[in-house]
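Starting off with a structure, shown below.
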Amino acid sequence: MSQLEGQVRIPSGCAVSAMISRDGRRMNGESIIESMIPMHDRSNGLGGGFAAYGIYPEYKDFFALHIFFNSRQCQSECMTLLKEYFEIVQDEHIKVRKLPQITDEPIIRRVFVSPMQSVLRHLQIDEKELVVRIVNRINAQLEGSYVFSCGKNMGAFKAVGFPEDVGRYYRLEEYEAYCWTAHGRYPTNTPGWWGGAHPFCMLDYSIVHNGEISSYDANRRFIEMYGYKCTLQTDTEVITYIADYLLRRQGLTLEETASVIAAPFWSTIDAKPEAEKQTLTYLRNAFPSLLVTGPFSIILGFEGGLMALNDRLKLRSMVVGEQGDMVYIASEEAAIRVMAPDITNIWSPAGGEPVIVKVKEGAF
Amino acid sequence: MKRIYVKEEWCLGCHLCEYNCAFANSGLTDMVKALRDKPIYPRIQVETDENGVTYAVSCRHCTDPICVKSCIAGALSKKDGVIEIDHSKCVGCLTCVLVCPYGAVVEDGSGVAQKCELCMKNSCGAPACVKGCPNGAIVYEERQAVPASD
Amino acid sequence: MKHYVIIGNGVAAAGCIEGIRSVDTESSITVISAEQHPVYCRPLISYYLEQKTDPERMNYRTPTFYADHGVTVLYGKTAEKIDAGTRQVTLNTGETLPFDALCNATGSAPFVPPMKGLETVREQFTFMTLDDALSLEKAVTPESKVLIIGAGLIGLKCAEGLHDRVREITVCDLAPRVLSSILDETCAAMMQKHLEANGIEFLLGNSAKEFKGNTAIMQNGDKVDFDVLVLAVGVRPNTALIKNAGGDVNRGIRVDAACRTSLPEIYAAGDCTEYRDISADTDKIMALMPNAYMQGHTAGVNMAGGEAVFDQAIPMNSIGFFGLHCHTAGSQPEGCEMYEEADEKHIKRLFVKDDKLTGFMLIGHMHRTGIYTALIRNQTPLSTVDFARLKLEPQLAAMGSAYRSKVLKGVV
Amino acid sequence: MNFYPEFEVERNDSRCIRCRVCERQCANEVHWFDADGKVMLSDESKCVNCQRCVTLCPTRALKIVKSDCRLRENANYSDQTIKEIYRQAETGGVLLSSMGNPNPLPVYWDKILINASQVTNPPIDPLREPMETRVFLGKKPKHIRRNADGTLDTKLAPQLTLSMPVMFSAMSYGSISYNAHASLARAATALGIYYNTGEGGLHEDFYQYGKNTIVQVASGRFGVHKDYLEAGAAIEIKMGQGAKPGIGGHLPGTKAVGDVSKTRMIPEGSDAISPAPHHDIYSIEDLRQLVYSLKEATEYRLPVIVKVAAVHNIAAIASGIARSGADIIAIDGFRGGTGAAPTRIRDNVGIPIELALAAVDKRLRDEGIRNNVSIVCGGSIRSAADVVKAIALGADACYIATAACLAMGCHLCRSCHTGKCNWGIATQRPDLVKRLNPDIGSERLINLMNAWRHEIKELMGGMGINSIEALRGNRLMLRGVGLTGKELEILGISHAGE
């Protein structure tokens, strides 16, 4: 039997796509699913997935855990653990549409939870940190249980299959989100595993990624010093943790985070005005192990926005389109043209230059 | 112009410059054939001072060369700063040896004068002593007329 | 645009041309050349006889020398008169040449003492010019018996030159030793021995007093038969032009370190002059080629308005016979001390006075002797150098590290 | 007891031109010219096979070969073992050796292979794309701080900035020559890296290279004073040396001459004995005091390096050092060189740097304190490939000394302790010191480092990595060959094919 993610590191090629309304308008998943069709050949049917922001307004104060279980036994073991730390607000099946293209389904549950205040006080941590710890624990230690989404008012939907099939399988046309990201996967040597599909999420951070980063083990071994466990051995996973570490735990801005992950070359930094040079030098000096090298184009989703980023040599394609309050990002222009057929403003951001889109304050 | 200068602090007194000079000007392609079982008549001389400091002396290519002025045969001349000797004109009077204040013109073993011509006329193309010096004690470079303290 | 006139076409004249042109590349230069040859160096004529050179290679400069330096040469003409007042030269052809500055480089001429019956000798030659050598060459056969009067530099070089062309050579001289002008007794004896070993016969302290056809009658009464006679008794400077123009002339034309004569804008250089020997601190005729060139060059620079002096003149000679070489320089003043090294094949005699090297005689080993010459020329106080080492071998090592640095690390 | 010499001088008389350069250049006086027979003769018993004569012989008339006259073969009692016993039986002394352990112990570098990109990820061509090798050594901040206006407070603990992750490790002035130090100092300056004074003080002429100098404080405290500490860019506390863990140093009085004694601040001709321990450091808390004493003395401007030999419990030691206030840990493996060490110690004490480095890096990460310190590893880093492997195992930078000596001319004859280095490196004899012209020595060091930098870039480019920090600790880029499971586990790498 071939090894799965987590047992071995599997390189893969990919397609990414995203759409976001800066006005915070919520749109169903039809369009984002369609956008993946012209990029069909960038995936090989071994993984597809979506992240959607703003989909659970009625549960927006609770962490929405999306979980795969291999069996009822795993499920009950996991729920027992969760109940030690959280109040379970809602525990339900995620509705799916049976399709011949999607097989070998695990049990897929959605659990809205609220951390117990007593636990937070006892551990002297905030609720996000608790979620991170428990999710890491489940994913690392509870075999057969895998939390693949754990943010508030957002959720990831992923499976083994082509992305357009995965979208229909999860009935995404029934969800409404102000921001959608999507991913189609082309792993090179695996039968594919549901958990290994993208997006990879941590709290409200979700990452869809196309690339194979060469700095992987340097990043992984560093980030694991800070309580993260890279159980999947995927780029997306480590990049998500890096984003979480820099944004949430270190409090860097998105731009600063981009300057760590896709740091400008020294030749560029050395030519900058003194203040900027100092800042950029500081960031590279302070977080050298979080520089990500090798090809990547990532879309980092978070509550209220997204950031798209290419590796500093731009070794992977990524185009951005803008129309009205909408911003579209995809591996290929064709995908954008599906979402916005009469779009005119399309460009290709430079390597290492982050594209940051934020929804108007209060609109999500 | 480029001349040969000496960095005596790096001279090891190994005398290889003398052998490389003799070989370069032998017209032969094999050093063994050129120099084995023969006395050598190099155009560069290693000296040792009272403190054991060694250094190689060769033609300074003076700006005002007394050897050229003294040559009875007109065999010595200065071309582009290089003091050359026309062996076909030299009759071996050795007046140049008598006048060179640095002892840089010497007899070649057969009775005529010879001196460093910066290996311009042999197949070496650049001074063999410089090339062969194992410690950079002889250099071939441009220097200003004011004595450099190096 | 000035007019420079040089009388004579020897090495001093060549030096003068090059000296003028180092300052003034425009003005005209006219050379009055009695000889029909472009400049050559007279000492080469013995090497010509030896076949170590030929008239073409004897040329002191390239074939285009005069053209390159913008010089007009009047071959076969001589100057008859210099008018210092009107600044013009009258030639033997009657032409006159005006000049702004003139260099008298007339050299010297063989001195032939009056000897009874000399006119009866059919094959008699002096040995100064290329034409002398060419005539002599024609006159001798492998069977010739040659008598040379004079065992000085000219006589002996002539002997060496003729050595392979004739059957027998005898050299006589009134002086008791060979090369008496440059060598002392000991050195002369070594040189004589070497010459004799090469088949030259000597009659010293004894000269011809009378000739009867091909027989010389010596002062001691001996008779010497010969086929060819070479007269090499000595030379005399050609001073007449300057003397007649009213210039200061002693045995030679008196010149200062700038090579000026006592006449305005008239310079003199070479064998015709008398100038300061710094090694002996006296004025002398030093008929030496290197000095002639340097005087000529000095005169040329000054004629053209530059400034030059030649104030380091010393007598010096590099001469060799049949592979035995000899270097001498400077003088041996009264009361000097002598350092000596000698063995069968070599002699080194260094003369020291008042903390200075004043002269040397070296026979046999000629390695780097210029270092000694420079000590004399520069009048280097010997207390400032390591003379003990220098005595053993000429070497920069004994000259102090400052001097060495200057020489080996800088441009000199 | 007389032995047949270890080496033979083979002189091809038909090529020898009697130039006598061999004679003039042999400080061991092996060669001489016999004027009677007009031949060169030699006394091979004095030959150390330094190859000076071979290198300078203009006609290639010379070679030095290993003599084949050996004691009867014995796999247990080797020729060398037996001769060492004879020597000790004769002298009653401790055997001395120089340079690194020459015995055939495992070289893990040679059993580690480097990855390259194919298809899924493009290799990067360093000739076309930027390829960065700049490294900072020093503590990294635990948390960022912001100024009142929200901008980042960019102040960091003192750092060393290296243009490439290689530095010249400690070799004292005394153990090596003035010209060797000059070469190292000039090269380090030109390269934008650092050299290390070792425990011999800093010659006054070299204060000008202070920006690229690491000044060492070792157990003998030779040459240590305020100006010295302030002259450098970092201070290294030497606790141990890979070639001789657990023992001190000994510069014989014969080498403590002239400027060496002045620079060390010891009387001329006196033996300079560095004790085995620092007598003010008998425990880790004492180390912390010294670290902070040095920081106080230099107003916290300079990073402090603690150098230790790789010994059995190196990971725990490193963990202690990482909490001692030190900014950088330098670990020296058992194959590291020395100017002189007891043979038994050099050849039998300590552990390989590869294992020590892997263990230390892992331990510091496990404890979450890897950011407290940078790790510099040394002890036989022989090539750019070794550097790349060391960085991928987790080092921030490497120390090289033997390779630097080789660049300066060393031929690894391992006779430094005799003080007669024919290459002008490990000697204080003026006529020999002169043989190393720092113009040449520094140029060769610069060439070597530039060559390595090119190679490092090529190797990085192949891996698809365009900045050295993405290689650091990136053990996925390494695979082992022919290693046991335990070795792979310690190295933290997979076997090739996995």
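In order of appearance the chains are A, B, C and D, and numbering begins at 1 in each one.
The working rule: contacts are C-beta pairs under 8 Å (C-beta built on N, C-alpha and C of every residue); 3 or more make two chains touch, one makes a residue touch a chain.
Bear in mind the structure is a predicted one, so any value in this text is a computation, not a measurement.
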Identity of the chain that, by mean CA position, is farthest from chain C: A
Top chain pair, ranked by how many C-beta pairs fall in contact: B-C
Averaged-CA centre spacing for the pair chain D and chain A, given as whole angstrom: 46
Between chain A and chain B, centroid-to-centroid distance (C-alpha), Å: 77
Between chain D and chain C, distance of the C-alpha-averaged centres to the nearest whole Å: 70
Interchain centroid distance [CA atoms averaged], chain B/chain C, Å: 28
Where chain B touches two or more other chains at once, by residue number: 7
Touching pairs - complete list by chain label: A-D, B-C, B-D
In the complex, chain B residues that touch chain C: 3, 5-8, 45, 47-50, 53, 55, 57, 60, 62-63, 66, 69-70, 72-74, 88-89, 91-107, 111, 143-150
Complex interface listing, chain D residues touching chain B: 14-21, 24-25, 55-56, 58-59, 61, 431, 434-437, 439-440
Complex interface listing, chain B residues touching chain D: 7, 9-16, 18-20, 23, 31-32, 35-36, 52, 132, 134-137
Sites on chain A touched by chain D in the complex: 9, 11-13, 188, 211-212, 214-219, 221-222, 224-226, 250-252, 256, 263, 265-267, 275, 278-279, 281-289, 291-295, 312-313, 315
Contact footprint of chain A on chain D as seen in their complex: 117, 120-122, 124, 129-130, 132, 134, 136, 140-141, 143-144, 146, 151-152, 154, 156, 159, 365, 368, 370-371, 394, 463-467, 469-477
